[in-house]
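In structure tokens below, several structures.
Consider the two complexes below, in which chain A is the common component and chain B and chain C are the respective partners.
What follows is the complex of A and B.
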């Protein structure tokens, strides 16, 4: 199967390189403003902007065509003017959408997402009307704007060279975005994480907001021809969401999200060439050779996110699961030692009808398998032994370990009783929770703070650490 | 409420029967007289070009005037008009009602996510059905089931991402939307290459086909509307608690998770059914705009639900009529824009939360506060001028108040003070005695005594029970004195053991010092 994958991939041509390159630059240019949308919790603004860009695009087409019809520009210049109008239209639409949303939200005292929903659907509907009203004059490829056909976009070369046009346009946008992020890094960072502080430092929060919207709108419009208006949302948001699972440092998150964007684009195209054919030839549709690259880019980005969600160190589900398992083992192991020590001390009665592991499981609300796992761990570490009757007994090493734990527990009780003036019957629960995390160092400090007490508030002896 | 809703159900069913009846008698010629064109809206979800609606033949020998066309549309003489009008209106009502709960649950954009997420479901359902038995790929219930499954999957994945990672809900929604949509887009390019399977027309399940709604669609809408209305009627109390305070509902033992799931299920149903008939953006808009409009008119959930249904139905109705009048105009877009106009009107004129009423209330409050401040300033001015601790009634009306003196009493500027005085003169509380001098009238003096008394009673209460320092009570009393009603004053008198009609002395001397 892997062999088949690489065999299919060996048909990679220069056109594929052009497509993957265009896609990667588009994705990279989107990931930078998108990162700030995610951090500022305005992700759905990406959705709104990609819809409201429609009237801007339609108006740009109308303007450039009527300028040509009026004889103001030649047919050769028309394209340049169209590009100009497209970007001006994008800025107007971006800022306009943001302003209108804010205005409706403030004036109508509506919830943010509701006012966004009202504004973007209405503006989009306006765009649809504009298309229909002038459908005879404008040969606007609606498919191209709404869906994006990267395969044909990559075929258009910059005049005189062999560089595909999207590479030039989106590359330029990417560099511009990069420059803006570098220049305004501090301002963006502060206003994203602490708008109040930003305002008090004299950073124009509204200016940053509208600037970001304008930049996002321009980026989105430039990405339309390659990926279309809905999938561009994915390129804006997903790489940053993935990066947020992998790192906690902002600069690393930004760099990662640009890399992830490029990877999902290139990988997306590679998967387009291989997976559909492999999948559908097995399902009995041998004629199917590929799927749309734009769609696969988004799916690939989603798969990368899913992988990060499961595998990421620290944030990932598996890593969280392991952490919880470890903690559970430590706590149940400690508790078994503590219970056995108290039996030896005769400060607790040994119940007849229930085994020690079951008792610990019930006390902590843990699953029995977790506790028996930790019993096995204690046996292996030679902290407890099992007598012929099946009862667990502390070994000498286990007794030392348990002593330290009980000491931590009783010192903490003494400390809380002295400083927090809690009633005696409230001390045990808290100490039971904290005892696992009080190491020797803190024990020493508690002891000197309390003038080396020998008894805890319940009158039980605080065990001394043996010198060994 | 229940009668109203069940009335609505009966009305809808009746209307369908009516349409059907007309259908059999008139259908033969209804399409050909004068083609009223409903244009298909090119929606965001269009995967390939929608087939061009044949509008070229829209040039009959003698084009009727606008008025006659209006009459033709309004009198519902065309079968097509009736079906489309009824269909969109039912859908508008249903979406408005469901949308109310989503709006109040702060999940207004869920419809958007769900609608986009449904795309791969349609393609996969097509592929599966085509694989099982070629030629059956476009069986509508199958496609709808696929769309429903993936719509729900989209909503569930948003919840899971929120739960198991630190990704915020907005990003989770945007991600889910575009990943599912991307999968759908990729699969649709695949679907078009399936040999033998006629995939053409599959995209209309996304872009909608408002123009070519048929009676079967309307029946489908009616069934969905019936389900939605029944569920909302039966669960009104539960949904009210859920929307009012979800956390309280959960703490109180209500099955919040299942109620939310039910709501999501309703939204997915409405979105899927609506999407394949009128287009995705229209459904999303109808889920959000009518409830948001209704919010400006009422604080009562039941009224808001009815209002949202009404607004949804109205914008669909008028939007459809407009698009029937003007060929080339996409019905979906016009319906959304009609809704937006309705929203704008509600935003301005809504009687509960509208902008104008809010502005008017603010203004009234400012005037009331200003009147109280002016009279109390006058009272204190007289108090400082006369020797007795508390000014007598005659002294209050006899004393001449000058603009300069009044200006010293508070931090107000001459212009606004003068406006307040003019208003007070108009209300008969003061009368001018010369240039920039006034006296209190009898009613003005009475009012001033009452206000000063309330203010001081409250100050005494604050000092005695809230232990607030005498130098600080003035400002606190300023905030509350405007809302002290007679019962509260009586309660204060009782609590402070204070006899009727006697004004307590000022508890501090701030005003005196400011005079000097």
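What follows is the complex of A and C.
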């Protein structure tokens, strides 16, 4: 199967490079403004902008066409004017959407996401109507606007060169965004983290908000021809969502977002060439050979997010599972030491031994495999030893460790009995749960607050740390 | 919403702003900083409009006003207090980072400068905010509930900082909720409940009679007219 994968990939042509490059630059250009939207908790603003941009795009087309029809510009100039109108339209849309949602929110007494919903669906529908009204003049395919056609977009070359048009356009946008982020890094950071502080310092947080919206809208409009208005939302949000799982440093998060965006795009196109053919030929549809690169990009970005969710150090599912398992082992190890210590205490015999099955029987609700794992851990740490008959005995180190645990348990019981109105037989349960988390420092403080008690509420001796 | 607060803060003093929930304590501070609109009235800082005196004022917002999962370190947050001074488009260089670390040292967090803010305790987060205000080297400090829900170590650290500020002739206006400690911590007090109830030296103003007037329920009519006024705007 891997062989088949690489065999299919060996058909990679210069067109594939053009497509992957266009896709990567589009994704990279989106990831930068998208990162700030996510950090400001304005992710849905990306959704709104990608929809409200539609009437802006349609109007830009209409204007440039009517200028040509009126004879004001030549056919050669038309494209330049179209680009200019698209740019201006996007800026207006960006600032307008931000302003309109705030206005609807205040006047309509709606919560933020509701007013976004009102504004962006209404304005988007207006765009669809505009297409319908002047359908003869607007050579806009709704499907193209929604989903983009990266494959044909990459075929368009910049006049006089062999550079694909999206590479130039989206590459320029990416560089512009990068420059803006580098220049205004501090200002973006402070107005995202604490707009109130920014304003009180005299840094115009609102202005920066509107600026970010305008930049996002321009980026989104430029991405329309390659990925369309729906999938672009994924490109804005997913790379940063993934990066935030992997790092807690802002500069690293931004750099990772750009890298992840590029990887999603390139990998997405590679998967487009291979996975559908491999999948569908097995399902009995050998004629299906391809899938849209734009869609596969978002799927890949989603898969990378899922991988980060599972594998991320610290925050990932696996490292959380390992942490839980470690804690479980510590607790059950502690419990075993406690059992041995209490046994010694009750029988006044030292050392006393206990067999592993007997331990399991005493540890209610603890799984036998956990017990045997914990026993192995205790043996390795030289806290218990195993006698030739197979039974366990506390070592001196183990006894010290157990003493601290029992001390924590009984001090806590004494503390609860002093401060809580509880019958004495209710104390053990809670103390048993918290004893693992009471370190020497807290023991010290409990000790001094309770005036160094020697007995717990049940009359059992609270062992001192230094006694032997 | 607060009404007709007419108050001259004496310079070089620690002043508590005291009042029940919804009395407008935070609003008063935010109105001073132009963060909320004023229907009427004006605020003068050292005799001049706030815009002209920005650099002489530092603000410590409520800890809950920001997202502490934001991917920055304690030192980054403190350095934010310097952003205006550093200027547009310029990076935070070594010199500013040292200044930020010194401020963290003053609040007892020297060892935490590289720590991510999400990994700090509530009290430590509050001290980071305080350090961010200190780094501004202002003459007037406006603090919104800096003592709310903090541990004993933080409470001591904040108090020490406040006293240091006073000894160098600075003024601090502090929204405070713990009536037990007002007399110990503050020289002046401002009693607020949607309007100014009383103000002056703590010994004279912080009386049982004045507290009863401050905490004696909301003025229902004031509330109602206020709502209508807001709707009419």
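FYI, the second predicted complex is superposed on the first by the 350 of 468 C-alpha atoms of A that agree within 3 Å, B and C clash if a C-alpha of one lies under 4 Å from a C-alpha of the other, contacts with A are read in each partner's own complex, and residues count from 1 in each chain.
The definition used in the following text is that a contact is a pair of C-beta atoms (placed from the backbone, for glycine too) under 8 Å apart; a residue touches a chain by one contact, two chains touch by 3 or more.
This is a predicted model, so every value here is computed, not measured.
Partners chain B and chain C, brought together by superposition on chain A, clash. Of the two partner chains, chain B is the only one that A:301 touches; chain C does not reach it. By the document's definition of touching, of the two partners only chain B reaches A:283; chain C does not. Legend: residue contacts after superposition of the two complexes on their common chain; A:244 is shown touching both chain B and chain C. Within the superposed three-chain model, A:104 lies in touch with chain B and out of touch with chain C [touch as defined at top]. By the touch criterion defined above, A:326 lies against neither chain B nor chain C after alignment on the C-alpha atoms of chain A.
Contact with both chain B and chain C is seen for A:41 once the two complexes are overlaid on the shared chain.
Once chain A of one complex is fitted onto chain A of the other, the partner contacts of A:114 are limited to chain B, with no touch recorded for chain C.
Considering which of chain B and chain C touches more of chain A, the answer is B.
With both structures placed on the common chain, the touch criterion links A:131 to chain B but leaves chain C unconnected.
Touch criterion met: A:193 reaches chain C, while chain B stays clear of it.
Comparing the two complexes, residues 41, 244 of chain A contact chain B in one case and chain C in the other. Against chain C, the residues of chain A that register as touching in their complex are 39, 41, 183-187, 189-190, 192-194, 196-203, 244, 247-250, 252-253. Residues 39, 41-49, 103, 106-109, 112, 116, 127, 131, 161, 164-168, 170-175, 177-179, 181-190, 193-195, 281-282, 284-285, 287-289, 291-292, 295-296, 328-330, 332-334, 336-337, 339-340, 343, 347, 353, 355 of chain B are the ones that touch chain A when the two sit in their complex. Interface residues of chain A facing chain B in the complex, by the touch rule stated above, are 38, 41-44, 46-47, 51, 104, 107-111, 113-118, 121-122, 124-126, 128-129, 131-133, 135, 142-143, 146-147, 228-238, 240-241, 244-245, 272, 276, 280, 283-285, 287-292, 294-299, 301-302, 305, 309, 315, 317. Against chain A, the residues of chain C that register as touching in their complex are 30, 33-35, 51, 54, 57, 59, 61, 65-67, 70-73, 76-77, 80-81, 83-84, 86, 88-92, 116, 118, 132, 136.
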